Amino acid sequence: MQLEKIVRRALEEDLGRGDITSEAIVSRDIRGSGSFLCKSNGIVAGMAYARTAFHLLDSDVQLEPFVNDGGAVTKGSVIGRVYGNARSILSAERVALNFLQRLSGIATATASAVKAVEPFGTRIVDTRKTTPGLRLVEKYAVRVGGGSNHRMGLDDAVLIKDNHIEIAGGIKRAVRLARENVGHLVKIEVETETLEQVQEAIESGADVIMLDNMTCDCMKEAVNLVSGRVLVEASGGLTPDVVADVAAAGVDVISLGWITHSAQPLDISLELHTVK
Amino acid sequence: MQLEKIVRRALEEDLGRGDITSEAIVSRDIRGSGSFLCKSNGIVAGMAYARTAFHLLDSDVQLEPFVNDGGAVTKGSVIGRVYGNARSILSAERVALNFLQRLSGIATATASAVKAVEPFGTRIVDTRKTTPGLRLVEKYAVRVGGGSNHRMGLDDAVLIKDNHIEIAGGIKRAVRLARENVGHLVKIEVETETLEQVQEAIESGADVIMLDNMTCDCMKEAVNLVSGRVLVEASGGLTPDVVADVAAAGVDVISLGWITHSAQPLDISLELHTVK
Amino acid sequence: MQLEKIVRRALEEDLGRGDITSEAIVSRDIRGSGSFLCKSNGIVAGMAYARTAFHLLDSDVQLEPFVNDGGAVTKGSVIGRVYGNARSILSAERVALNFLQRLSGIATATASAVKAVEPFGTRIVDTRKTTPGLRLVEKYAVRVGGGSNHRMGLDDAVLIKDNHIEIAGGIKRAVRLARENVGHLVKIEVETETLEQVQEAIESGADVIMLDNMTCDCMKEAVNLVSGRVLVEASGGLTPDVVADVAAAGVDVISLGWITHSAQPLDISLELHTVK
Amino acid sequence: MQLEKIVRRALEEDLGRGDITSEAIVSRDIRGSGSFLCKSNGIVAGMAYARTAFHLLDSDVQLEPFVNDGGAVTKGSVIGRVYGNARSILSAERVALNFLQRLSGIATATASAVKAVEPFGTRIVDTRKTTPGLRLVEKYAVRVGGGSNHRMGLDDAVLIKDNHIEIAGGIKRAVRLARENVGHLVKIEVETETLEQVQEAIESGADVIMLDNMTCDCMKEAVNLVSGRVLVEASGGLTPDVVADVAAAGVDVISLGWITHSAQPLDISLELHTVK
Amino acid sequence: MQLEKIVRRALEEDLGRGDITSEAIVSRDIRGSGSFLCKSNGIVAGMAYARTAFHLLDSDVQLEPFVNDGGAVTKGSVIGRVYGNARSILSAERVALNFLQRLSGIATATASAVKAVEPFGTRIVDTRKTTPGLRLVEKYAVRVGGGSNHRMGLDDAVLIKDNHIEIAGGIKRAVRLARENVGHLVKIEVETETLEQVQEAIESGADVIMLDNMTCDCMKEAVNLVSGRVLVEASGGLTPDVVADVAAAGVDVISLGWITHSAQPLDISLELHTVK
Amino acid sequence: MQLEKIVRRALEEDLGRGDITSEAIVSRDIRGSGSFLCKSNGIVAGMAYARTAFHLLDSDVQLEPFVNDGGAVTKGSVIGRVYGNARSILSAERVALNFLQRLSGIATATASAVKAVEPFGTRIVDTRKTTPGLRLVEKYAVRVGGGSNHRMGLDDAVLIKDNHIEIAGGIKRAVRLARENVGHLVKIEVETETLEQVQEAIESGADVIMLDNMTCDCMKEAVNLVSGRVLVEASGGLTPDVVADVAAAGVDVISLGWITHSAQPLDISLELHTVK
C-alpha cells in the first residue's frame, strides 16, 4: 500500500492539472510500445514502481520486465517493455523513469560496496541520510543491491549518540535508562569515538557498538576489545573507496550514507514507438 | 502551505512511532543549543525547511540563520544556530539536515553552472528529472542557486517531443494542434534534433525551440537559423563541464537534469550542546 | 485521478454515515434501470463524473451515455441510461445529477457565447471566478462548451494587475521584474485601463494585453494600437449579451466570469424503474 | 474544523505551485490595506471564510468585518477591511472573494424568498441540490439568509421517494420498514404526488409529508386532509416567484433547490491600496 | 467507502514498514488455507471487515464466510475459511481478527440484552460512548446484535441535557430554541431527572423524553405521565443485568453504553495450514 | 503529531456536521467550568488527549490536570478542571471522556497486573490485540500503567510463530532466514509450544523465546533449560488472575492481550457549571 501511495504522489506532482501536450496532440486511440534501454552497467531496481506509475494512470498499460530487481545489466540492454495507450505511456513516462533511475542507481552503488567487502563477510548497511519522503523506497533499493538496513526511523531501535551520552552522564547510565524504558524486543546500539568508550559500551550491555570516525588501526583495536561479544559497526562519512580497508579491520557492519545521498542515477531511457 | 506539508511528511517518516532513544534518555527539562557547521564551500539553501522541521515538532525551538538562502559559505563556517528543548532538537535534527544538505547541494551545483555561462548571458534551467515528491523543493533550490525553472510539470507549458511529432505527422501539425487546444497563456516549445526540424519549428510558430543532443557546431547553425525570433534551448544529458561551450554556441537557455539528479549534498552537521 | 478524488469527496459529503432510507427499504437483490432525461435544450458535459459517482459506490453499475460531452441536446431527449443494483443507483443519483446539471449548465452558457462571437473568430475564455474546490471541473466544462481556459491558478502564467503595477512603479518595471523571475516558458499578461497603459504595455514586451472595463470604442483604439503584435483580451464584468459587440471591436480573446459563476444548471432528471 | 479544511482546499487549488506574479513583483516588506466594496444590495454571508483564506496564507493579515453575516447591505457599502502584507493579500484575494460572493448570493436569494412567505409563517428550506464539495458551506448561507435546512445528506433523516414506495409496494410498507430499521431519533418523510398518497402517508405514521409537483389547489386540499397532524412540505422545481402562492396554500415548509443552484453571486470587489 | 478507509488505517497501523517476519521466512509462492475457529458462544459480526483486511493487502485472497453477520455460533464452530497466498494471510491475520473479535463481542452483548427485554417489546440502543475512530463500526455491530442506534454524533438529532436546560433557563425555552434553530426533519430529545421535569418536557413538545438515572418505580410513574404521547428512553449507567427490570417499567427504549465500552471480545482464532 | 491526528479524527467523527444542540441553545458568550470526577479507584491516563480534544475545537479552553498520567486516584476524586467557552466544552466533552476513560481503564488494568508480579521482577507487556486505529494510544496507556510494550507492529521485531516454523521447516532454518534478511538492529523472538522447541530455539540463536500456552510447570522447566541465556516470555490467553503464578515460574516477561482488549473503562464524568 505504501508503494502505491508514493507513486501516486509523484504522478500528481508531475501531472498537476494534466499533460496538456499529449492531450492536445495524441488522440485517444493511438497505441504505443516502448523499450527501457539501459545506457550503462548496473543493477536494476524499481520495476514495480515503474509499473505502478503506468498502472495508476491507466490500468490497461502493461509493463513486462525482462530483468527482475537485483539483476545485473550491461550498457545497451533492454530491461523491459511497456505497451498500451500511447497518451498514457507518454504521461507516466517521466515518473516511471525517475523512480527506476534513482533506485537502480542506489542498488548499483550498494552492490559495488557489497562486492568490495565480500572477502570479509562484512555487511553493508544504509543510514537515515535518505531523501525526505522516499526512505522506504531507498532502503528497498539498498536491499536489492545486496545491502541491509540500519534503523528505518527513530522508532525501531535505540541508537545512543554523543549528545545522549553527555546528557545521561555516561554510556552506562544511558544504556540503563534505555533498557528500562524500551520494550524487550528493542536493540540498543552505542556510538563510541574512543577505545575507552568502546570498553564502557561493552560493560554497559549494549547490543551493538558503533565505531564513529575511527582510523582503521583504532577500529582493529576496538574489534579486539569486543572480541565477538556484540556486533561492531563502522560509521562516519565513509565512501565506497574505503570500505574494503574498513572491512579488513574486522568490523561486522559498515554503514554508508553515501549509497543513498550521493549515488548517481543509472542512465535509463524509454524508446517509444507508436501505432495508429 | 506546501513547505509545511512536505516537511511534516518527512518528520512522520523518520519519527514513525516516536524517537525512542531521546524519550528514554533525555528528560523533558533539558535545553540545548546547536550550531550548523558547514564542512565544504557552497551555496546555502533550505533554511526555512530546517526551521520548519524543528518548529513542527516543537514550536518553542528557535532557528536563527546566519546566512540566508543563496548566501555563499566556506568550509568551517557556522551558518545558523538552533536552541530550545534538547529532546525536540535531537528528534528533528536528521530531517532538518537532510533537507538542508540536499537543497544546498543543488544550489551549489546550479551556482557553479550559472557562473560558467555568465559571460554569455545564458540561463541555466532545470528539468523534470527531480526526486519523486520533492520537485517544488528542488526547483526552489535551483532558483536559489541562480538558475531558473523549466516546466514545473506536464501542465504548465507545452513541450512537443519526438513522439508527439511522429504521432501528429510533423512539427507544424503538432504545433497547430497544441495552439488550438491550449489556452492563450500557454507557451509551446518544440524539441528538434536536426536543422531541418529547427527550420520547420521556426515556421510552425513555436515559442521556444529545444536543440536536443546536438553538437556545438550544429547548435551554432541552429542559432543562426533562428536569428533571435524565438528562444533557443540546449538540452540532452549535459553536465556542468560542458555548459560554457554550449553557451558559447549562442543558445538562450541550457537545461541540466544533472543539477537535480546528480548534485552531491553539501556537507553540513549540527554540533549540539546541552544545558541542564 | 483528480476526477475520482473530486467525485469521491462529493459522495462522502452526501452519504455521510450512509443512505439510511435505501438501506432500510430497498433489499440488496433489486435491480434498476434509469434514463437521464433532459428537460431543456443545451450542451451535455460531465458524463464521466456521473459514471464515476455510480462506479465508486458500486463497480457493477453501468452508465451508458447516448450523447458524448459536447453534444447538443433538446428538451425531452434521453441522454444516457444507467442500470445495476437499485440501492446503489438510488444512493449515487443525486451526486451524479449535481455534477451533470452544473457542468452541462456551464457548457451550455459557454457554447452560447462562443456562437455569438463566431463571426469574429474570437476566443471565449473563463476566469478564476470558479466555485471553490471545483475549478478543474468547471474549466473542463468551459472547454466542452467550445471555450478555452485562462489561467488555471496563480501559478501557470503571470497576470500583472493594477496593484502590481502600482507597487512596481509602472508597467515596464513590472514586466521586467516578472521576466527576470519566472521561467522562459511562462507568458506575461498585463491588465490595462487606458490607452496610455496599452501603449506602455506594448513597449514593455508583454505577451498579452488585457483591456479591463473599457468601452467598445476604446477597445477598438487599443486594438489598433497593438495592431497584431501581441494578443489582446477584453475583460471586466462582461455577460453573454455583450460579447458580440466586444468581439466586433477586434479583440482576440474575451474572458467571462459569468459562464462559471452565473450559468444556470441544465435541468436533467433520472427516471428510474426497478426490477425485482 | 470543516471550514478551515474547505478554505485550505480552495487556496491550494488556486495557488498551485505559488502566486508567481506577486512573488516576482511585490517585495516582501510592502504592506497593503483593502476595502470590500459591495456593488449591489444583498445579505452578507461568508466573512469567516474570507478571513480564513487570508489567515491560512499569512496569520498576520487581519480582516475586520463592518457587517456580520446576515446583515443587509446596499450598493456602494464597504462591508469590511483587510490589512497586512500586500503579497499575502493579493495571493488570497480571489479565494476570499469567491467564497464571499457565492455565499452572499445564496443568503440574498434565501432572504428574498423568506420575506415573500413571511405573512404565512412558512419555512423556506434548501435541498441536496448543492455544489459538490460545498454543501455545508451553502447550507450555512441558507441559514444566514433566514432559511432552514432540509436533510444534510442521505444519513440524517429518511425521505421515502417514488422509487422507494414502488419497491416497498406501497407507502405503508415503506414507512414500516423504515421505522423498524432506523433509530428512534430519526424522522421519516414521505413524498406524495396525489391526494390518495397523502391519505396513505397520514395513515402510515410518517412524520412529514412532502407534496411533490402539486398545483396550489391540490396542495390546499392536501393541507386540509392533514389538518395539522404532521408537517407538510411543498417541493418540486419551485422558484422565488411562486413561493408566496405556495405558502398561501397552507404548507408548513417550502423547499427550494433554486436558492443554492441558481442564485447569482453578490457583486463584491476588493479595493486595495499599498504602502511601501 | 468508510469500511475500506477504516480497515486500511488499521492495516497501515499494524504493518508499519512491512511484515518483516513473513517477508524473511515465507517465500512468495506458498499458499495457505485457514479456518476461523470460534472458542465461545456468541453472535458473529464483522465478516466484511475481515474480508477487506485480506483483500486490501492482496486481492487474490478469498474469505468464504460460513456464517453471516448476525448468525449465532457455538463454541468450536468454524465460522469461515480464508485461502490464498500464505504471506498475505499471515500479514493481515491480526487485523482481521481484531475487527472480528471486537465486533462479534459487541453483537453478542447486544443480543443478550435484546433477548432479556424481548417480552416487553423494548428497544435496546447504544450511546456515543464508543471507541474513538470506530463509532460507525461499533454502531453497526449493535445493529447486527439486534439493537438500534441512538444518535450517530452531535449532528443528527438534538439531545438537551442538564447543562443545556440550565443555560436556557428551563426545558420549555430550551426546546423552543432548538425547534427554531434546527431543520424540520430533526427530532428533539430532552434528558429529565425528576417527574417535574418529565411533566415540563411533555408540555415542551419534545419528541423523546430520556429518564436519566431514575429508579424503576420512578420510571413507571414517568411512563404513566407520558401515557404514550412521546417516546420514553431509560438511560444512565445501565448494564445487561438490569435491563429486564427497566423494560418492565414500560419504557420504549433503553440505552446502554456498556455494550460498546465494556463488552468482551468474542474469542476467535485463525487456524492456518500452508501448502507449498 | 500522531496524538493530534487521532484526537482530530475522533472529534470529526462525533461532531459530523456540528453540535446542533449546543449551537441552538448555548449562546456564544456563555462560559463554563467543569470538574473531572472519578467514580472508582484507578490509574489516570490520557490527560493530554482530553486537553487536545478541547483545544482543537477551541484554543481558548484550558484543561488543568490535578493528577498527572500514572497517578493513582480514588473514588470521588476530582482529577482535573476545564474552563472556557461553554459551547466548546459541551461539544468536546464526550470525545475527551471517551479517551480518558478508555486509557485510564487500560492503565488501571495494567497497574494491577504489574503489582501482582512485582515480587518476581517480571515485566508485563501488551500484544497486538489492540483496538484498530488506537494502537499507539493504547500502548501508551500500558506504559503509563507500568507495563512495557511488545512489538508496535509487524515491522519492528521478528516474531516467528508456528506457521512460520512449519513453512521454514523448523525453528533453526526460520531463525537463520530471518537473521539473513533483517537488519542487524532487529531482535528475533520464537514462539514455542514444547520443551523440544524451546531447546531448538536456544540453539537457533534467537534473542527471545516465547512460551505459548504452557502450564506453569512446563514453563519452569523451560526457564531451567534457557538458564538466563536469552529472555523468556510467557504468552497465550493469560489474564490478570494468573499472572502471579506465571511470574513465579521464572519467566522474564508476561504478555497480556487482556489489558487492551478486555479492560473496563474507568468511570469518569464531567460536572459542568456555566456562568453567563
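So that you can tell them apart, the chains are marked A, B, C, D, E and F in the order they are listed, and the count of residues begins at 1 in each.
In the analysis below, a residue touches a chain if its C-beta (ideal position, glycine included) is under 8 Å from a C-beta of that chain, and two chains touch if they have at least 3 such contacts.
This one's a predicted model, so the numbers in the text were calculated from it and none came from an experiment.
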From the C-alpha centres, identify the chain that is farthest from chain C. F
Could you tell me which of A-B, E-F or D-F has an interface matching B-D, in the sense that over half of the contact pairs are shared by residue number? D-F
Could you please state the distance in Å, as a whole number, between where the Cα atoms of chain A are centred and where those of chain D are centred? 52
CA centroid of chain B to CA centroid of chain F, Å: 45
Chain D and chain E: spacing of chain centres that average the CA atoms, whole Å: 33
Shared-interface residues of chain B (touching two or more other chains) are 15-18, 136, 152, 155-157, 182, 186
Quick check on the complex: what are the chain F residues that touch chain B? 1-2, 136, 152-153, 156
Within their complex, chain E touches chain A through residues 8, 11-12, 15, 17-18, 56-57
Report the residues of chain B in contact with chain A in the complex, numbered from low to high. 6-7, 9-10, 13-27, 30, 32, 86, 90-91, 94-95, 97-99, 101-102, 128-137, 152-161, 163-164, 166-168, 174, 177-178, 180-182, 186, 261-262, 264-265, 267, 272, 274, 276
List the residues on chain E that touch chain D in their complex, please. 123, 125, 148-152, 155-157, 182-187, 189, 207-208, 231, 233, 252-253
